[in-house]
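Same chain, two partners: chain A is paired with chain B first, then with chain C.
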Partner chain A sequence: MALLGRLDWYNLARTTNWTPGSVTEDELFPPDMSGSMGIPLSKWESYDEPYKQTYPEYVKVQREKDAGAYSVKAALERSEIYEKADPGWQSVLKLHYGAFPRAEYSASTAEARMARFGKAPGMRNMATMGMLDEMRHAQLQLYFPHELCPKDRQFDWAHKSYDTNHWAVVAARHLFDDMMVTRGASEVALGLTFAFETGFTNMQFLGLAADAAEVGDWSFSNMISSIQTDESRHAQIGGPLVAILLENGRKEEAQRIVDMMIWRAWKLFSAVTGAAMDYFTPVADRKMSFKEFMLEWIVSQFERALMDLGLDKPWYWDQLVADLDHASHAMQMGFWFWRPIMWWNTPAGVTAEDRAWLEEKYPGWSESFGTVWDVITDNLLEGKKELTYPETLPMLCNMCQLPIASVPGPAWKVRDFPLEYKGRSYHFCSEGCQWCFEQEPERYAGHLSLIDRFLAGHIQPPNLEGALNYMSLAPGEIGDDAHNYAWVEKVRAARQKAAA
Partner chain B sequence: MSEVEVLKPLKTWSHLAKRRRKPSEYEVVSTNLLYNTRDANAPYDLDPDLAMNRWYKQYRNSSPLQHDDWNAFRDPDELVYRTYNMLQDGQETYVFGLFNQFNEREHDKGLEPRWVGTLARIYTPGRYLFHALQMASAYLQQMSPASTITNCAAFQAADSMRWLSHTAYRTKELSLTFTSKGLGEDERKYWEDDAAWQGFRVLMEQVLTTWDWGEAFVALNLVAKPAIEEAVLRKLGEAGRHNGDTLLGMLTDSQLLDAARHRRWATALVKMTLEKSGNAEAIKQWIAKWEPLADQAIDAFCAAMPEVPNAAADAKSATRDFRRSLML
Partner chain C sequence: MAAFPLTSNFQGDFVLQLLPVDTENTMDEVAAAAAHHSVGRRVPARPGHTLRVRRQGASELMPRTLKVSESGLKPMECIEVIWE
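This part shows the complex of A and B:
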């Protein structure tokens, strides 16, 4: 072979900054779009991405990865993995596909923001590949669930969800839009690639892949693991940026964005991933609890990464760790209680085996969340299903857009964090969410949560029917108990056996 | 709600199910993916008056280029991510095969030093130009009003990075044979100061700071790119062949395959916009505004090109042929 090695020419391919002549530097890189924080062009040229890949390597490696992901799917096409899966796992798939593909597509625009407005040439090239990666993630995660459409109308939400005002999608858009597509290139690199992709996507895509493998859903497991190999490349866009910001005295700005986005991502994932791992996945197939995954993949991972980069632990760190004990349970309770307003069927996940697992993983669960499930279970045993449906709406946080919740039982201390801003009352679920709002109130002030919209009369008629209509949910796709309450009969049998 | 119809499972996404034919893979994974077009008042789900929301409302939603259904756009090549990689991996295997073969035959040692001086002046600095195309295409990706358009813009950005990568590779390789030509060193100086490049540099700086998405598309895809492709790819490739640089001619031929694909989607998009009155006028006005800058850039560049008679006239004429084909 008489070819150059990639590192022989790699540097030239990222030596592409020039001094503009017919426009100013700020015109070519508007500060708001580039997030340049007053740092001039020349200072960005020391940016050194640790994961180096060239264009020819990219198209070759990615072609091979796709050949793998699509061929596993094709090979397993007739194996009826989906049909044979537990309804709880089917709901994991519905929740995952409704939450992610269209957001992944939006992430390609976030990468494009860095590819155009990043002041570091290496960042622009890495982000160009990142932009393609995110197209891949959207396309894979649309192609796979598409074949499930004929099996269940709820899979239509893999595409449709982001076109709606569904409450969970409003929450997802509020986070992803804040983190990915409404900020300058530097903030995108800090928030999306560093705060989000180095940790949370690992948990969703590797953690859930581990559960999927246990369940026997190889097609899904293989596909989302393959996605994570792309993330592990383009997630490294943020690290070298932090180095430049610190060298130029912008630690405070970097820390602020990182702190905001870790908090915001944590809140959303406590709902999406937390319930999926602790309740939806059949108990026999759970690799670890959500709390264990969080401690391993997020808490310790971030502690190391932040220290390596010269950043500090976020101020709320102890609070976040304390919340690991209950966040997924509160969200799960909401998912099941308000089950008609989901595009998936929420499994209760409270059979005797489930309860034993929950008590083991979350000591004290039986005395807190367990007591609420006791009431629900008793009502179902007594045939009073109507008492297990909500009569009111949950109060939603004006930042994370999720229900304001806490731990039931003797320790019940649900707390609203209210704030008056320019004559309007805002309500937050936590100090963290209120703090995020206070960092840049003008980014959020004009947004209405679904409850705000309800109170403002945007949702008509103001009842469940109006709410379902507003959220584009119709019979045939609205959620119910995933196991059609079969678990209640198991409880009945167990109680009768115990009584006898 | 008792009389309400119960929805049945569909064979495809509900937005595609209204039609009677089976959707292709391209349609399943490419259509109607943007959600920042759903609420004209708040493209993104935060404060409607957020700076980035104002940016999209002004530069995209209020563009003179308008259509009632941008989602109807289809890429004539129907490329999806996985087929893009198959296509370009094949092309890169071909190009790197050329690099390998020509290196084994010691191609560069046979080049005239005078021609190498020309390469140092008007070929290797081109990586700045191709990178500018990469950046401008990435802007179109973020601002286009339908995912079928943003996909084309994303592939175009990646293709521009491909051209830049070829140039970086050849710059390094040439510098190993010719150590006194400033190869790998002086490109930025040529790009910023040499008369041959100033037209294209100004043109691209102006394109890169054009924020209206419709005008950015017209300036980039209908004017700047055709000018660059005709002068910096086709004519320079000819100059290469006329100066014993067979490799350069074959390399630009491969790059021109990408350029032809970019023109196919741009042509299809223009054709779709002509369904609505007012768009033809807007496009024509933008072309009239940008054409002189592109022509000056071609003139300045081609003046530095040896052994290609009428290079500038041919290149300009070819850009006119392309724009005439749009039937504006």
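This part shows the complex of A and C:
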């Protein structure tokens, strides 16, 4: 018997908005869980997913992808790529694995929310496969670093990070819990798949894959590229939803969620991807600067995607573009100066070659961040290492949970964005983070940043020892300079040569 | 006397920092405490200059002998510490 072609039966098979008989529509699809925004069930049936994939096709393709990723890993296991890699690249891996694998399980929960409560049948079908995608991503990204644990204990953070109160994990959870696991299906589709996955995962998973290939880390490059092929499929869940929301007069709601989540994702990636691309990756292996990647993958791509879908550019767009000049530098500087409270070793990234690259990619760097690195470098050259450590905590933003930081030096423009809400003082790093809070203050008001927790006495004793213990940083995991300060001797030699 | 946390925004530095002071501290003492966490660590010293304190965004400087308890500053309020 001849089989029908997929397109001959797909639409009929997945048209599963049956009329409920024993329960009401709202009992079947609770509005809070569905994010239905008052749009009736019948209107959701026009949802037209761009990827029309069946389950047997999905399984076949995924099996091939997994076979590819695991076989490359197996083939390269004895090649000592990790051992031969620059310590800066080793730190890229530690940062990536600590930040993302466990979040993939949250993403799986988010896809499950859409698979069960999405009111559009096509969304439910795509999200069922998306849910399996995200489990695969978690498992791949836990399996790959597992073999590195005996080589370096900091890789334990791939699995343990999400169970800790580490400051960076609090930042990641604050975003991912907000975006993935505490909203209805429509908000998840807008925030996770459209705002986050269409752009920002490209940055981390394609941008870093390119750098990994340059470094020669084919195992990592191949694995995250494999993940990205899933992302580019299920990221398409949000687009057709926007069309339905706009057709039914819900543009304002769609725009608000998209604007919030683009801003929130931008802040987190400015730290994780920004520092990795502009400092952690050895200068000879950097494909593009973080700013260049952002301009190509986020700014241009989102402008086009937003316009194509009938949405507007977020109100803060010009500010985001302006922040590209300094955000990655400020985050990396914070990573390095507060290095004992990281689970990775931050490279300084300020040899003469690095500085030339930074000045070329970010004109004015030498007069701003360069002046701070001059003080740090002089202290190390003069044997005053104690002055290169902090004796207090950086202020953290009550939205992104990252340090409130900006441009140092003569053009100094650091500032606090304070807000009083119901008798409590909140501090934000930017107008964008404050605006996100003000959209849904009751949602965010109860959260305590690490600084709030310190002041409330949660961290005991109130010193570095107490902070390390609170954040579960064990001996052997505490961060230091990635190159064990070897770069300082390069600077010394260069200065002596210049003086001779 | 009581511990009083402020937020230090030190001229030329890149990050805001938690600044524990005391309600009896003068603004000169607050400025010195802020300098401890910035000058010589990330900000070069400026011999011959004085450090002054102002509220974030204010144009007028707080008197050098004014105590924290008399200043009207709220806990964790952001002060700017600038060279004069």
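Here is the rule we use: the second predicted complex is superposed on the first by the 499 of 500 C-alpha atoms of A that agree within 3 Å, B and C clash if a C-alpha of one lies under 4 Å from a C-alpha of the other, contacts with A are read in each partner's own complex, and residues count from 1 in each chain.
Convention: contacts are C-beta pairs under 8 Å (C-beta built on N, C-alpha and C of every residue); 3 or more make two chains touch, one makes a residue touch a chain.
Only a predicted model underlies this, so the values are computations on that prediction, with no experimental measurement involved.
Undergrad: Do chain B and chain C fit side by side on chain A in the superposed arrangement, or is it a clash?
TA: Superposition result for chain B and chain C: fit.
Undergrad: Figure out whether A:G457 sits in contact with chain B (first) or chain C (second), or with both, or with neither.
TA: Neither partner.
Undergrad: For A:S425, select first, second, both or neither according to whether it touches chain B, chain C, the two together, or no partner.
TA: second
Undergrad: Which chain makes contact with more of the residues of chain A, chain B or else chain C?
TA: B
Undergrad: Once the structures are superposed on A, label A:G38 by its partner contacts, choosing first (chain B), second (chain C), both or neither.
TA: neither
Undergrad: Give one of first, second, both or neither to describe whether A:P50 is in contact with chain B, with chain C, with both, or with none.
TA: It touches nothing on chain B or chain C.
Undergrad: With both complexes superposed on chain A, which partner does A:G383 reach: first (chain B), second (chain C), both or neither?
TA: neither
Undergrad: Here's one for you: vertex at chain A, rays to chain B and chain C, all C-alpha centres; what's the angle to the nearest 10 degrees?
TA: After superposition on chain A, the angle is 140 degrees.
Undergrad: What is the minimum C-alpha distance, in Å, between chain B and chain C after the two complexes are superposed on chain A?
TA: Minimum C-alpha separation, chain B to chain C: 21 Å.
Undergrad: Quick check on my understanding: which residues of chain A belong to both its chain B contact set and its chain C contact set?
TA: none
Undergrad: Report the residues of chain C in contact with chain A in the complex, numbered from low to high.
TA: 5, 7, 9, 11-20, 36-37, 40-44, 56-57, 74-78
Undergrad: Residue numbers of chain A touching chain B in their complex, please.
TA: 1-4, 8-10, 12-13, 15-16, 18-23, 27-28, 32-33, 54-56, 59-60, 62-63, 66, 70, 102, 105-106, 108-109, 112-113, 115-116, 121, 124-125, 127-129, 131-132, 135-136, 138-139, 142-143, 146, 149-153, 155-156, 159-160, 162-163, 170, 173-174, 177-178, 181-183, 442-447, 465, 474-477
Undergrad: Applying the document's contact rule, which stretches of chain B touch chain A when the two form their complex?
TA: Result: residues 1, 4-15, 25, 28-30, 32-36, 38, 42, 44-53, 55, 80-82, 84-86, 88-89, 92-93, 95-96, 99-100, 103-104, 127-128, 131, 134-136, 138-139, 141-142, 147, 150-151, 154-155, 157-158, 161-162, 164-165, 168-169, 171-173, 184, 187-188, 191-192, 198, 201-202, 205-206, 208-209 of chain B touch chain A.
Undergrad: Inside the complex, what are the residues of chain A that reach chain C?
TA: 330, 333-334, 337, 369, 371-372, 374-376, 379, 387-388, 390-395, 403-410, 412, 414-416, 418, 425, 427, 451, 454-455
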